[in-house]
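Below you'll find the structures, each written out as structure tokens.
Look at the two complexes coming up: subunit A is in both, with subunit B in one and subunit C in the other.
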Partner chain A sequence: MAYLLEVEELSVSFRTEGGEITPVDGIRIALNPGETMCIVGESGSGKSAAALAILRLLGEGGRISGGSVRLNGEDLVSKTGAELRSFRGKEVAMIFQEPMTALNPVLSVGSQLIEAIRLHSKRSRKEARRVAAELLRSVGIPRPEAVLGEYPHSLSGGMRQRVVIAMALASEPKLLIADEPTTALDVTIQAQILELMKRFRERSGAAIVLITHDLGVVAEMADRVAVLYAGRIVEEADVFSLFENPLHPYTQGLMRSVPSPDAVRGQRLVPIPGSVPSPAAMPAGCRFHDRCPQADRRCREEEPPLEPVRAGGHKARCWAVRERLPATDATVASVGGGL
Partner chain B sequence: MNPNIQATNRTELPEAPLLRVENLKTYYPLRRGTFGRAAGFVRAVDGVSLDVYRGETMGIVGESGCGKSTLGRTILRLEPSREGRIYLGGEEIASYSQRRMRPLRPRMQMIFQDPFASLNPRKTVRDLLAEPPIAHGLADRRSVQSRVGRLLEWVGLPKTALDRYPHEFSGGQRQRIGIARALSLEPELIVCDEPVSALDVSVQAQILNLLKDLQEELKLTCLFIAHGLGAVSYLSSRVAVMYLGKIVEIGPKEDLIGRPLHPYTRLLWNSNPVSDPRLRERDRTLPAGDPPSPANPPPGCRFHPRCPYASRKCREEEPPLAGGRHAVACHYPLD
Partner chain C sequence: MNASTGAGGGAAVRPKAITGVAADSSAPESGARTIWRRFARHRLAVAGLIVTALLILTAILAPYLTPHSPYAVTASFSAAPSADHWLGTDPVGRDVLSRLIAASRVSLLVGFSTVALYMTFGTLVGLISGYAGGWLDSAVMRITDMFMAFPFLMVILVVVSALGAGLSTLIWVLALFSWPAVARLVRSSVLSIKRLDYVRAGVALGLGTPRILFGHILPNALGPIIVNATFGVASAIVSEAGLSFLGMGVQPPTASWGNMLTDAQSLTVLTEQPWLWVPAGSMLLVTVLAINFVGDGLRDALDPKQ
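And now, the complex of A and B:
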């Protein structure tokens, strides 16, 4: 089967006062139709820059400095502005952390939604209005007719994010990119929005790239997971394999850093020492080495490749993992691990 | 306050509480029109009673707008209360003027969510840590230096940090400075308001562990306010759940998490994402809709519009917070 989204060796660079930095450095993502991939990372991992680059939405000073992005086989990197506009919104929709970045504060919810609907299908205004109300109802907004006449600022954060999701649904995209869509929301609203995204996925068969720092959100949503650290994918696996058997010391560290309400009493968190490196000063060798309890000389000098280390396409970028797992295992994995 | 709660608490924890809050209310006027007439109130905290004993950490959880931060700030007298009493070590302080509060300030300190916003960017770490004790007459310029050194050690910062400015530090280290500053006055009570929410996951764990160690070594008494259940349960021995300005359930952590009595508490726990993908197909009920506005709380039980079990009684009559050590404000508590 052909991939819906194929990102190859994507690098993103930004001009800064101190020179050019590369917060995303050679990432590969391949996504099947209907699949949900979570990209997990902390601030500074490059996860948001990667999402913006896929949509060619990098702002002033940012550019794709290497690699390719193909959606349905079409290369997005070489597209012109006009070609991109019809592509976005039709094939791809995006949800951001802050819904107000996607909503126009001086237009009513209805006029924005109706515009989005009419942009993608030939419908009369009246017909589009009916579809708009239907969409609002489907995302759990009470009194949809009344909300159509309201302005974004009069809605709560959760309601705004629902409106943004309704707008994303309006175009019936094949791919939804969601960048921390629930981070600004309360847990009860987060749970509702995640349920909504699951329903949307089931109904539309769309693929989702979900960017998050929250392993709980990953556990709820992902089919596959890519763990991003300092601009590099350090581990990639299907979600069950990742949670059952995290291999990269960074992934292991993240998992031990999260306090669980039902944890055994007195069980202590094991934090990762230090903090994420600045993209202006990436460490040599493995980018995680200065925070890694297992780092040795080789880790400090030579960067490990991202390689399959277990069956099922479980990949890790770590010398220690490579040594620990027998080579035969890795060979089997690389044969069967194409997914 | 419900007499039952006091009675039971007193038998099990015989000493008097360090902090006692009785029927505390904090209202903000809603101003409308050109002349800003008060057109009603936002009832941010609306009749909260609780006791915090020496050496314990009381967690306060709830969604944004439930009044948890306002409660913390009102207890510290950073917000004016409208009604109710606050006792610190038996002394009623809600009625004190700011002048009369001043000598009490060192006894109660706060750790903020955003350490950058709460630290003066023009001051070195040395100044940030030395000034509070000097200003309150707890140390002089000479004796304060050993105190500052000890604070750095407690929070795990190197001596080289002393002559640097807040912006030179990462978020996690800045929070360490914020914690050291709160400790610089050797307070009896510390209110932590979402102290790790602004930090990266890997750094959150560092700060949570630091707070846990300090709790044990310094026998701190804390009010730990957070929206994340994980962090609250990691540090607290007792937990209170707030909804629209009121405590709806309070009790020992294990009971609240393992056997919640209020439907809201259970729905809040249900809303937490799973920690393992194998659990994600679980059957769960989620609360419907958004929390209503605290300017116009619903009559009866404030949770009834979102509650799957609400009856007519819930719509009309407000349930009191009742029970022993594990108390709940619900007409039909779960079992």
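And now, the complex of A and C:
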């Protein structure tokens, strides 16, 4: 079966004063319709750059320095301006983190929504207005007709994020990229927004790429999870395997640093020491080695490959994991991966 | 919130009620109305607006308001104000009041058309330069540097003496040296606006570049542009007066406040025939002050930080 989204060896580079840096280095994502892939990582892991790269929205100084992004088999990396425009919004939509700035403050909610609707479908202004009101209702905004005439500053953060989502869903995209859509919202609103995205996924069969640093959001939303560290995917698995059996020391560290309801009372959270290396000074070998409790000489010298280590496509990029797991499992899996 | 499970149902209802109240109290006020409310707080700005409106009206209706023809020569030269000539006559024997009224046309015409010209061009250049960035931006900015490094007055004097003085030369020359400041102003707004999420969101939705520039970035950069334009009108009027005073601007017999002041170059006129220069000078002062007050009011009204 052909994937809806296929990202192959994607690398993103930015020009900086100190030379070129590569915050995203050879990541691979494959996503079926109706699936949700969460990309998890701390700040600086390159997760936002990866999301922006899919839509070719890197901005000044940024470029895709390698790999390909295919949507429905069409390569987005080689597309020119006009071709890209017909893809953006229509096939792929994006939701940004900050609902306070994601809407134009000088235009009414209605005019922005109507613009988004009319962009990819030939509808009259009146017709588009009706659709806009319907969209607002579908994202749970009370008295949508009135809200159409209002300006973003008169809406709360949660309401704005609903409007942003309504805009993104306006032309029923096949892929929705959400860059920390709930980070700026308080917890109750977070749950509602996630619920909204789930409903959209079920109704339209679209795929979602969700960028987050919140493992709670991952558990709620994801089918598959990719853990990003310093521009590399260090572990990838379906959500159940990842939470039940995190393999990479970094993933294990992430899990330990988050409070869980099952935790023993009085048990301390364990932070991961150190911080993400700067893309300008990537360590040799495994990029996590200087924060890893299990690192040995090999980890410092040679970077492990991202390989299937367990059945079900559970991949990890770690020498220790490869050694620890039964040889048969790993061999079978890597033979499968090689084909 | 203390009773965790039991209050669940109640808590689900409560936020709705709160949302309703909040939405009602912050009844949507259109952007224009907010701006007017803030503008109206400034008494001077409102006064300035009224005076400016009166001036514009005078300029439009000038041919019907002048008691005499501004060009008709009478036998009484430099006559003091009288019942027939309320503000006296000039050294050629023309009615000063009529010339004053006719001159308002010239002054406002120069002010507004110069600003319209260079604002349009400067805004366009600033938008494109700021949004495109890269080598285009650097090239455009070096060009504006070049224009701003020219000794403005000298160049104008040279151009006017080469092309011949006249109203349209004046407008073009003033515009030629005023757009770079606008381009820089607009560019700097664009640089910050284009990084905002709503612009990126627009691109992500598939909007084309012109739509992003004119539909989303320009409206957000409009505040400083409008304020700058207002002050620009005042400053163009002053420049016109200055150049006309020096004989490089509007040429007689066409009346302009500036060339009416030329007579005041003589000490006798300055001390003994105030009707020849006080009216034109006052008009200039009042006009520029009124427009600048409007500009001040607009600056505060359009300031998004308030």
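Note that the second predicted complex is superposed on the first by the 327 of 339 C-alpha atoms of A that agree within 3 Å, B and C clash if a C-alpha of one lies under 4 Å from a C-alpha of the other, contacts with A are read in each partner's own complex, and residues count from 1 in each chain.
Note that in this section contacts are C-beta pairs under 8 Å (C-beta built on N, C-alpha and C of every residue); 3 or more make two chains touch, one makes a residue touch a chain.
Remember, it's a predicted structure, so these values are computed and weren't measured experimentally.
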Subunit B versus subunit C as contact partner of A:S43, first or second or both or neither: first
Partner chain in contact with A:M94 - subunit B first, subunit C second, else both or neither: second
First (subunit B), second (subunit C), both or neither touched by A:V270: first
Which of subunit B and subunit C A:P142 touches, first, second, both or neither: both
Subunit B versus subunit C as contact partner of A:L254, first or second or both or neither: first
Touching partner for A:E220 - first (subunit B), second (subunit C), both, neither: first
Subunit B versus subunit C as contact partner of A:S156, first or second or both or neither: both
Subunit B versus subunit C as contact partner of A:A237, first or second or both or neither: neither
Touched partner set for A:T188, first subunit B, second subunit C, both or neither: both
Subunit B/subunit C common contact set on subunit A: 142, 156, 188
Subunit A contact footprint on subunit B (complex, rising order): 63-64, 170-173, 200-206, 208-209, 212, 227-231, 233-234, 254, 257, 267-280, 286-287, 289-291
Footprint of subunit C on subunit A - complex, ascending: 55, 57, 59-60, 81, 84-90, 92-94, 96-98, 101-107, 115-116, 119-120, 142-143, 146, 149-151, 154, 156, 164, 167-168, 170, 188
In the complex with subunit A, residue positions of subunit C that touch it: 15-16, 19-20, 22-23, 26, 28, 30-31, 133-134, 195-198, 200-209, 215-216, 219-220, 222, 304
Complex contacts: residues of subunit A adjacent to subunit B: 42-43, 142, 156, 158-159, 186-192, 194-195, 213-220, 222, 239-240, 243, 253-254, 256-263, 265, 268-273, 275-276
